[in-house]
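Going by the order they are written in, the chains are A, B, C, D, E and F; count residues from 1 in each one.
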C-alpha cells in the first residue's frame, strides 16, 4: 500500500512511491537535449511529471500503461502542480496494490456480500433460488462480482460499485411487496440481484476502468441475458414462464429502447427493477456531484443530469 | 345506495333504479313519431337506452348531465346490450349517492388518513410540522383531499385516488432515509405529502370527473405551489431556504419540463419525490390494466404506457 | 386446397367450403330467438357471416379460433357483403391446408432455399461456413425458416416472408464487396443470412400470424443472438473476434437503439446489413401499398412510412 | 465613472483605474518566489493580469469578487493581451459605479418607462388598470424593473434589458388589435407588461449577472405568477375569469412545456404574448450577433440559434 | 347561386337544388332490389343521401366527383340527418357557381388586392419593385393568387385564403421597421408578399380542395422558389445578393427543416417573415376552432395545436 | 508540385517549399521587439510556424489566405512540432499547384468520368438521356463536377469527392433493377447521377474548402433542383410526369425533412437514391475514421456517427 497519494503531495517534500504512468512524451530542449514529460496517477488523482536529467534509462524503460517507482519533488508549471522527477524505474510487482490505483467503494465488501446472501435466503421459489445460488456459489463469478465497477464514469465508477449498487437496490426493493401486494417478491428480488451481472463482462479494471470489446459490441444487458440463460438451461425443470420473465427483467431494466433495452418492462416486477436501477444511479450521481463540490451552493453543471445541483445549508 | 348496477344488469330482468344520463337524442321513426335514445351510467359502466312510447314527458324533462329514475328491461341491439326504457323521471336528490356514480378507492379512507397523520407525526422540524398541520387541521382542505381523484383518467381516476396515491408514496418513502443517509427525512416526507395538494383544485367530481377551468389554465403543479406558498407565508419565521426547497419539490415533481414541471429536481429529496410519484402512478396503471383484462395472457394496448402488459400464470 | 376464396365469392352463388372463424357472437332477435354472427376468413380476406335458423348445434360447436365447413349464400348488409349461413360444423383436419388461410410468398420456396445455399457456398472462412451449415443442415430449423413470416404486419407479413427477405438482401449484398474493397465478403454474407433467424422464434403462424410470448418479452434480435451464440459455442476453435462480430451484426441490425437494437453498428459489415435490412423492408412496403391501391395516382396514407405513395403512369 | 475601459487599453500606455477581479491565483516562479495572476473585467470585457514583484500585500488583500484599483502596463502573452500589474488595492466604494462594470441598455430608461406608462394609460378595464398600477406605482418594484436584465446571457443580458424587452413587445402588440378584431386589447397589453415581472426576482446584478437561488429553484415564470396572484388578491372584486386569464398568460408565455411553461397558450392573447416574446428575443440575438461580428459576411456560430447569421452588404 | 344550403336544410321541407356528390354506392335490399346511397355537399357542409325507387337512371348517370340537381326530403337515420332522394340528374353547367361549393374568405377580395397594391407601392428598391410588379401585373398569376386557398385544411382552407393570409401578414409587418431600425422594409415587405406564391401551384380548387401532383412531390416552398427565381432572371441587373436574400426568405419561411424549409432563417427579415407566417396561421386556427364551437367554454381538441382552446365569457 | 509535405517534415532537416498561410499573428518579445507566429498548411496537414528575426518584411507582405515560399527548420514547442522560419515571401503563382494544398480523391478522375459515361449510355429513355447529356456535354459543368468535393467535412471532403461519391452510388444502383423488378432503371440511374449536381454550386475550393453564400442560404438540394429544372425546360416535349419525378428525386434524396429535404421519397426510385446516398456517405465515414486511426482497436469518437468504430484484427 502506498504512503504518498497524489492528492496529498505537498510542494517541497521529497516524493518516493509507486505511480501509474498514463502518458510519456520525449521532447527536445532549446539546446537539442531530450527531456521527458509524463502523466502520473493513482486512485486519488493525476499529476504532471517532468524529467530533465539523465533521461536515457528512463527513455528506454518507461512506457505508458505501467506501474513505476518515482522519486522527485513537487513544483508548479503555469499554475498547476508538476512533479520534477529525478529517478524512475519499473515497480516491483509485489509492491503494487490495485486498490491504490483504482477508486473503490467505501463500504465493506464482505458485509455487503453477506447482506446480499441474506436477500438470496429470502427467495422461496426453488428454481429461482437454484438460479441465484448457481451464480453466487461460483467462486469465479463472485470474485468478479465483488470487484466490478457499475460504470466507467457517471456513477459507481469504482471497484465494488456493482456490488454496492445491487445491495442498495435490494434494500429499496425489500419493502416493496409489503406496499404492493401484487408484487411477486421472489421474482423481484431475483431480478434485482441478476439485472446487472453482465457488467462483470462489460468492464476491465486491471489498472484503469475501460470497456471490454464485448462491452462495446454486445453490452452488459445482452451479456447478462446470455449468462442467465446459460445457467437457467442447466437447471432441470426450470419453468418456461419463469425463465422468460427473469430474462425479460434483465433485458428491460434500462426501461426504454433508446437507453439500450431491446424491450420495455411488460410486468410490474420488471417495472420496479427499472425504477430502482434508475433511482439508485441518480442518487449516486447527486452524491458524487456534491462530494466533488464541497464548498458551494451549486455544484458545477452535471452533463448527464442536465442540471447543476443545489447544496442546502447544513441543517440545525 | 343503488341495488342494480350497470355491470350486473341481466337480459329480461326488470330494471328500476337511478342512473346518470350523459347523452339524450330525439329521433324520428319511419312513421314520423319521435323516440329517444340515451346513454346511462353509474360507477360500474355505461349502457345505451332507447324509449319508444309515451316519450312526450321524457322529452320535456330529461336533460343530459342529470340523475334519473329509470324503469325498463335489457335487450340487445347490433350485438350490444340496450335498455328499453318505459318510464324515466328526475331522481329525488335524497336518493342520490355520489359513490354510486363515481368509482372510489377500495381502501378505507379513514384508515388511510390516520396512516397519513402517523407520517406527519414523524416530522420533527417544527416549521415543516406546522406547515403540514396547517393543511391537515383545516377541515375544508381535508374534506377535499379525502375525496379528490388523482387523475381524470390513466391512474387513480376515482374518488379518494389522491389520498391513496399519497399514502402509497409515503409508505415507499418511509424507508428511504435508512437506505440513503444523505436524505433529510422531514423534507422528503413533507414533499411527499404536499406534492399533489393542487389536485384538490384541478378536478371537479360532483357527477363525472373533469378538469376545472383553473385545472386546465394553471394546472395542479402551480395551483399546489400557490397553496403551499400561501400557508408558508402565514407561518412566522419559516426559513427562506426551507420554503424554497419545499416549493421546489412541488414544482419539480413531474421530473421533466416537457411533463409540465417548470424546473427539474435539483436536490435529492426532490428527485425521490419525482421517482416515487412516477413509480406509484405506473404501478397503478399496470394494476388497472390487469383488472380490465382478467382472462388473457396480454392486456389490450395501453396508450400511455405504450405497451401491452404480460399477465403471468398463477404462481404455485 | 379450397375452391372458394373470400375475395372471389359472388352474390347468389351457393357457398360450400372451409373457413377460419375469428369471431362468433350470440344475439337475440326481436322475438327473443337467438341468432349467430361470425367473422370468417381465409388468406384472401374476411367476410361477415350471419345464421338465423337452426342455430342450436352451431352454438354448441362453433368457437372462434377454429376451422369450419360452412354452407350458405352471399348477401349484403349495410352496403357490405354478408354470408347468410345455413350449415356450419368443424372441418375435417385432413381437409385443412394452412396455405389456404395464411398468405404466402409468391416466390418458389425451394428455388429461394437453393439460391440461399448458393450464397452459403461462397463463404470461404471455415468457421463461418460451419456456423451457417450448422443452421441450414438442421432440418428442424430449416422447416421453420422456410415457413416463417418476416413480420406480423407492415412488410413480408406472410408465410415464407423471412426466407424471401433474406434472399433479397443476399442478392443486394452479393455485389457490395466488388464496390467496397474494405468489406469482408464472408462476414457480410454470414451476417445477412443469420441476422433475422430469431424470427423463427418470434412468431406463431399456425392459423393467424401473431407474436409468441418470447417474441414480445425477448424479441427476435435477442432470440437470434441466443441461437447464434449457442451454435458458435459448439464449434471448436471458433475465433473470439469473429464470434463477437457475428453476434454484433445480429444485435445491431435495426441500426438504432430506439428501434430495438441494443448496440448501433460499429463496423462496416454491420452497417451494410442494417441498411439492406431497412431498404428491403421499405421497398416491400412501397410494393405492398401499390398492390393494395391499384387504380389511383396516390395510395392511401401509409402509417409506417408517414406518407402516401405516388403511382407513376404506365411507362411507354 | 471610469476613464480606462478594458476594450480601449493600448500596449505601452500606463493603466490606472478600477477593475473587478473574477479570479486570482498564487503561483511559484522557478526560483521559488510567488507571483500572482488575475482576471480583471469591466463592462467592456476581460483582460488577464500578472504581478511579479512585491506581491505580499496583494496576496493578503486581493480576493476574487471585489473591485480593485489597479496600476500597470499592457503587454502580451502567447498572443493575447496581458496587464502587468505593479500596484493593486481595494477600491474606495464611493469611486465604484456599477454602470462601469455591467453592460446597460443603450436606450434611455426614463423615456422607456414613460412610454410604458403610456401603454398602461390605454388599458380601459378598471381591474386590469388597477393591477398594472399596483405594480408601477410601487417604487420598490419599479426600481427593480428598471434595472433588471432580461437574461444572464443569450439576449438582453444587460441592465435595463427587461424594460427594453417589455417596451419593444408593447410596441409590436400595440397594432395587433387593429389587425385581429378578436383580440382583447386590454388583456393583451396587460399580459405583455406583466409576463416577465418574475425576472426581477430571478437575477442578481450587483457586480456580475447571475441567477438567484429562487431563480434556479422556482424560475421567473412561477415567481411572476406568485407576484401577480398576490396583487390580484388584494384588488376587491377582481373577476375570477380575468384573474385566471392573466395568470395563464404569465404561465404560458414560453409557449411549450419543454421551455418551462407548465401550460401552453389556450387563448389568442396568450398566443400573441408568447410569439412576441419569442420574436423580440430572437431579433435581439440576431442584433447582438451582428454587433459582435462587425467585419464578416457570416457571424460565428450562434449556439442558441443553431446557425451562423448572414450579414448583408451595406445597402445603397 | 344556390337557395338551399346543406346547413339550412330542415326536416320535412322539400329540397330542390344543386349538390356536389363525393360518394355513391349501390346496395341491395332484402328483396334483392338495388338502392343508392350518396354523400352530398356544398360549401356549408355534408349530408347523407338515400334513394329507394326508380334508381335505374340514377345508377347510370350519377358518378362521384360531379354536380347534380337533387330533389327529395330530409329525414333521419340513426340520429343523423339523411336526405331521401326522389330525383337526381346532372346539373346544367351554367347553373353551377363554384362559390356555392367551396368556402371562401369573408373579406372582399378586391379590397384586399387593392390594399396589397398599396404595400407594393411602398417598396422603394427598384429591383424589388420590378420583381413584385412582374407578378402582380401578370393577370394570369393574379387570378390564381386571388382564388387560391392557403391550405387544404388546418387554416385559411378556403378560396381567397392565400390572399387574406398575405394581407394580414403585410399589415403586421407594416409597423416592424418602426420598431426595429435594423429591418430593411423593402426586403421584408417583398418577402411577405412572395413567401407563399408557390401555393398557387400547390392546390387544385375546382370543386374540392386538394393537392396537385407537384404540390405533393415538390411542395409550395420549392415551387415558389422556382417562380421567383424565374422572374428574377428576367430582370436585368438584379443584384446577386438581393436575389439570394429574397429566395432565402421563400425557402426558409417555415422556420425549421422538420417543417419543410430546406434552410432556417439566416437574417432578420427572414426571421420575421417566418414568425408572422406562423403567428397568422395560428391565430386563424384559434379563430376557426372558436367558430366551430360556439356554445362551450372549451373547444374540442385541436389536433394541430395539441390543445383545447378556452372560450372566454363575453366581456362587458 | 511540392517536394516537402507537412506530414513528412523531420526535425533538423532544412525546409524550403510553398505553404498556405491560414493564420498570422504579430506578438511582442519581453524586450519589446515584434515576432510572428503562423499556421502553415498543405494537403497533408498543418504546422505552427514562428519567426523571430528580421520580421519587418514579413509583417508587411504576409497575410492569411495566401501561398508563401517558406524557409526554416523544424523544432518543438510544448511537445508539438513548430517550424522556425527564417525567410518567407509570396510564392510565384506558376509554382502553385492546387492539388498540393487540397486533398483529392485517390481514384483516377478520368476513369471515373468514363465509367459514369458508361452508365449514361445505358439510359434508354430519350428525354432522360437528353437531360443527362445536356449536363455532361457541357464542358463548364463537367469541369466543376470533376473537381467538386462532396462535403466540407464529414465525408468525401476532397477534390473529386462528388464524382467519386456519384460513381460509387451508380455501381451500387446498377444491380438494383435485377433484384427489384418494379424499379425503373432509367429513372433510378438518372436520379443517382443528378441528385447532387447542386454541390457544384454549394462549395468553393480554390485554396480551402468552404460553402458559397448560395450554399448556405439556398443549399445544394435546391440549387440542384434549379439546375435540373432549367435544363428540363430547354428540352422540347419533356413529359410532365418524368420532370416531376426527376425533380422529386433531387429534392427528396436526404430522406427526411429534418435533414433538409423539403419532401420525403414518394416512390421507389427516390427511396433507393436516398438509401444509396446515405449508405455511401456512411461507408466513407467509416473508412476515413479507420484511416485516421491506424493502430488501435477502436477509433476515436465519431461525432456524426455517434460512436467509436471497431477495428478488426487483420484476417488470415
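Please note the rule applied: a residue touches a chain if its C-beta (ideal position, glycine included) is under 8 Å from a C-beta of that chain, and two chains touch if they have at least 3 such contacts.
Note that this is a predicted model, so its numbers are computed, not measured.
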Labels of chains that are neighbours to chain A and to chain C: B, F
Chains touching both chain D and chain E: B, F
Most distant chain from chain C by Cα centroid: D
From chain A, the most remote chain by mean C-alpha position: E
Proportion of interface numbers common to chain D and chain F (over half same, under half different): different
Geometric centre distance via CA averages, chain C-chain B, whole Å: 43
Chain C and chain D: spacing of chain centres that average the CA atoms, whole Å: 62
Residue list for chain D, restricted to those that touch at least two other chains: 213, 216-217, 241, 245, 248, 266, 308, 310
Chain-to-chain touches, reported pairwise for every pair that qualifies: A-B, A-C, A-D, A-F, B-C, B-D, B-E, C-E, C-F, D-E, D-F, E-F
List of chain A residues in touch with chain D within their complex: 11, 75-76, 78-79, 297-298, 308, 310
For the chain B and chain A complex, residues of the former touching the latter: 168, 171-172, 174-176, 178-180, 182, 184, 241, 245, 248, 264, 266-268, 271-272, 275, 278-279, 282-283, 286-287, 290, 306-313, 315
Touching residues (chain side chain F, partner chain D) in the complex: 25, 27-28, 37, 213, 216-217
Complex interface listing, chain A residues touching chain C: 213-214, 216-219, 221-222, 225-226, 229, 241, 244-245, 247-248, 251, 257-263, 266
